[in-house]
Amino acid sequence: MTMKKFINDPDDLVSELLSGFALAHADKIKLAGNNQVVRAKPKSRDKVALVTLGGSGHEPALSGYVGEGLLDISVPGEIFAAPGPPRLVEALRMADRPAGVLLIVLNHDGDVMSANMAMEMAEKEGLNVKQILTRDDISTGPRDKPEERRGLIGCLAVIKAAGAAAEQGASLDECCQIANRMERNMATLAVAVTSATHPSTGEAISEIPEKDMVIGMGQHGESGSAQTELATADKTAEIMLDMLIEDLSIQQGEDILLLINGVGSTTLMEQYIVLNSCKKILDSKKINMVRCTAGEFLTVQEMGGFQMFMARMDSELIKLWDAPCKCPCMAT
Amino acid sequence: MTMKKFINDPDDLVSELLSGFALAHADKIKLAGNNQVVRAKPKSRDKVALVTLGGSGHEPALSGYVGEGLLDISVPGEIFAAPGPPRLVEALRMADRPAGVLLIVLNHDGDVMSANMAMEMAEKEGLNVKQILTRDDISTGPRDKPEERRGLIGCLAVIKAAGAAAEQGASLDECCQIANRMERNMATLAVAVTSATHPSTGEAISEIPEKDMVIGMGQHGESGSAQTELATADKTAEIMLDMLIEDLSIQQGEDILLLINGVGSTTLMEQYIVLNSCKKILDSKKINMVRCTAGEFLTVQEMGGFQMFMARMDSELIKLWDAPCKCPCMAT
Amino acid sequence: MMTDALDYEVMVKMLLGAARQIKENHARLSELDSFGGDGDHGTTMLRAMENLENSVSAAQTGQIKKLLSDVAWAVMGTDGGATGPLFGSFFMGMSSGVAEAEVLDVGAVAEMFEAGLNCLRKQTKAQIGDKTVMDALAPAVKEARRAADEGLDIAAVLKQAADAAGEGARSTRDLEPRLGRAKNAAQQSLGHEDPGAVSVSLIFRGFVKGALDNG
Amino acid sequence: MMTDALDYEVMVKMLLGAARQIKENHARLSELDSFGGDGDHGTTMLRAMENLENSVSAAQTGQIKKLLSDVAWAVMGTDGGATGPLFGSFFMGMSSGVAEAEVLDVGAVAEMFEAGLNCLRKQTKAQIGDKTVMDALAPAVKEARRAADEGLDIAAVLKQAADAAGEGARSTRDLEPRLGRAKNAAQQSLGHEDPGAVSVSLIFRGFVKGALDNG
């Protein structure tokens, strides 16, 4: 299969996409330093800054979350590959301020290693940085082994909550607490139906039989936990909701946030249909879907499928979710 | 090929997707009447209302443009098929007000027929409605035969301009003038590399050879004007820009708005890369890309490709483009 | 059945006959629409005919004029691109072409079809040869008028019209479409009838079957 | 070449030798990474080694310690997931393991490698048998220490270490990965060496070739 992507030299993927990204959203973000994505209008330096890092190829993630009420700096790496510690240290220096910096790291080996080394150096330099790991993929490990869980779209909820708190003037400790509360109360499960093409190599990153779907598929084509036959939106929603509800031990009457994140070629139409299925099922289980949305927030190139995210919400987390925000990929 | 879409009964596609859409964007839109998409908070009735209609399956278009500074009502039809006149008349009645209603219609046979019949009835009922057709597809007819040009993503620019004017209190005539000025000064060209699957029939809506791309491909799989070999982002941008510039007779030193609209599985990454290519080429031609963006605003299911939109801008149109807006698929 | 008067009950049977013809052939209609078009014509016509049937059973006035305008409105209400307005306007025109009378004579039947065609013409500039509904509808209406003027009875008029519609639909096989979605893939539809024209022919065939049905 | 003293120039040659080995074999590394991983290991190592070469040519101090920390920083600066931090920390550890001295004796060489391994261990809890870089690196470092303690010269120590690394890399063939991206597709990589372990082995092979190179 010929790769059908509009690109130039594969070596220039990230630099070109970042230039285009900066052009497209010049009102909200800009590039600084060594391809750091920062806000067009920086937030006041007496407020806690939020920084994240992550591989490229997942657009709009993660740089698309830079903006009011969300991130201050995103450090994009190569395609599907975390940036190395030096650029992360650069970002932490840029973000450094008396109020402190919260570094949000998706739990993937490369990202974590980079972050750990950067944290070590930041400490040596006396920077005021705290780190939080997001580990929401319930398919890779049980709840009591969070280190085995990968970071999926859950990072957005953590960034939203901590970002809103920071914007409202919360201290670094408070931001950490909120981020931690969100992190502990969230869970994500992915499903994939078609593979994506790695834009550098032109190769399919996974193989999925024609009549199957893979539950638990990772963000880079890592195989999933269960390969089953294609199912309707209703049935797929039911399977996935049950796993998420069980993982979070959600009880009747509890309030949840639900997010359907399209990862590539699965249409918004389908995402809305799945969301509608979820609503029906949750209603029947008497679980309150107090907030929800659907859209492409973190993609895996043109992979077909979606990530279903669920979080147990309390009134403060709901308020933070509702707080105003404005970034390239969303606004309220 | 098995269709790999998360759906239930194909007959329920539109009703289910609209329910999900309303759930996902409850802060911005809601359903009213017979599946009319209206603003969650209606705009003041002394301002001109904007209404549009169009087939479903193009999400977020067109209902995703309902919101502040944009549409008041969208009348979604079946998959790829305009709604019939009765629901459009219902919408026009709902929108009716002393300030008047502007009906924006994409030039496709079904949409135009529905709109014409609805306009006839609206006139009989004494409603104050004016209609504007958007005809931006330069691949289906020459500039002096606008009736042969299909309506593509250009509708968004017309809706943005007229919507901003309406929000600022412009009269119906003024809104019409602005919409017309935008419409006369815009042009769109589509390119497709992979087909989409019709979600009702499960069939591919077009066939594109493995190493080819189709320039001029329509929004429903209608064949394009030119089938050529796959090209790089730079080369594709050059070919398309040249055709758009020629169509609009854009001269050195003129100001343009450029929009890259992903239609499905072509990634945001690629859209940004193409936008970056465009910037380089336009710079070399001394044409000022004063505004630009990229994203999925009007899709064709999971088709691979994009629409490139260009408009000659004057200072008023730029101001209207910059005016605040807030709808499910964008916000400034 | 009637020979020189078409009453409300017959009109109901004609309409339901048309619906039945379409329902039995919708898969073929979609297939025809897939050569260059978007493959949905059968599905849309199916929905249109379900709407038609519902409006027929809901109608209680006994007035042909009102029945036809209800049907027109229902068919138009089918969200299906060009189909709703095209076929809806044909029925709408039929309604405006009949008097408040309770029965139609053979001349009134021809006039009814002519009014339908005229109303549809307001929706489209399609001419014979453009490979659209027009290729079946125009000859059918013309033939109905000719037969009526010749003094044939209503059953015969309907039959002649249906034959002309069928002939017209078949004639589209060798045409390249000049209107509608399919025009952009003109070559692909060569050798295949136009789906809209076939629908017209099925509807007229259904009128005949419905009218002759004594059940 | 040296037998009992490793000076700045030799260290440069060793580093460049390592880079050459990787560059000649990057396609194989990517291929190995495609069995269960994401197929980018070769590309990333290639970029890492380009960064390494650049930092070597930019380094002018003549100090091994500084040279190694520059190299470490450059390798870490490769945006490539796990690779930058893993290999970068190995070089960083090597730097911290050598004194400010201008030449290293055979004991110092063994110590340097041990420090590299220890620094890498801070990044990962990988153990031998997990099918990672550790399967090649741990035996290589252990063997270097054994050989040094036995009184072999530096060339022989490097060679023994490289052999042990190669052995270690080959041993990963029959393992299922327990760490890294590939662990989620453990079966797929059965029968194939771990790309990271092969990289370690190539780097040690490059050290030998570089050190023995008299050009």
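The first chain written gets the first letter, and so on, giving A, B, C and D; residue counts start at 1 in each chain.
Criterion: a residue touches a chain if its C-beta (ideal position, glycine included) is under 8 Å from a C-beta of that chain, and two chains touch if they have at least 3 such contacts.
From a predicted model like this one, the values you see are computed outputs, not experimental measurements.
By the document's definition of touch, chain A and chain D have no common neighbour. Taking each chain's centre as the mean of its C-alpha atoms, the one that lies farthest from the centre of chain B is D.
Separating the CA-averaged centres of chain B and chain C is a span of 33 Å. Averaged C-alpha coordinates give centres for chain B and chain D that are 55 Å from one another.
Chain C and chain D have CA centres that are 79 Å apart.
Here, these are the chain pairs in contact: A-B, A-D, B-C. By the touch rule above, chain C contacts chain B in their complex via residues 30, 34, 36, 38-40, 43-44, 47, 73, 75-86, 88-89, 122-124, 179-181, 184-185, 188.
Across the complex, chain C is touched by residues 14, 55, 77-87, 108-111, 113-114, 116-117, 140, 198, 200-201, 203, 205, 218, 220-224 of chain B.
Residues of chain B touching chain A in their complex: 1-2, 4-8, 13, 16-21, 23-25, 27, 56-57, 59-60, 193-194, 199, 210-211, 213, 230, 232-234, 236, 260, 264-277, 279, 289, 292-296, 299, 301-302, 304, 306, 326, 330-332.
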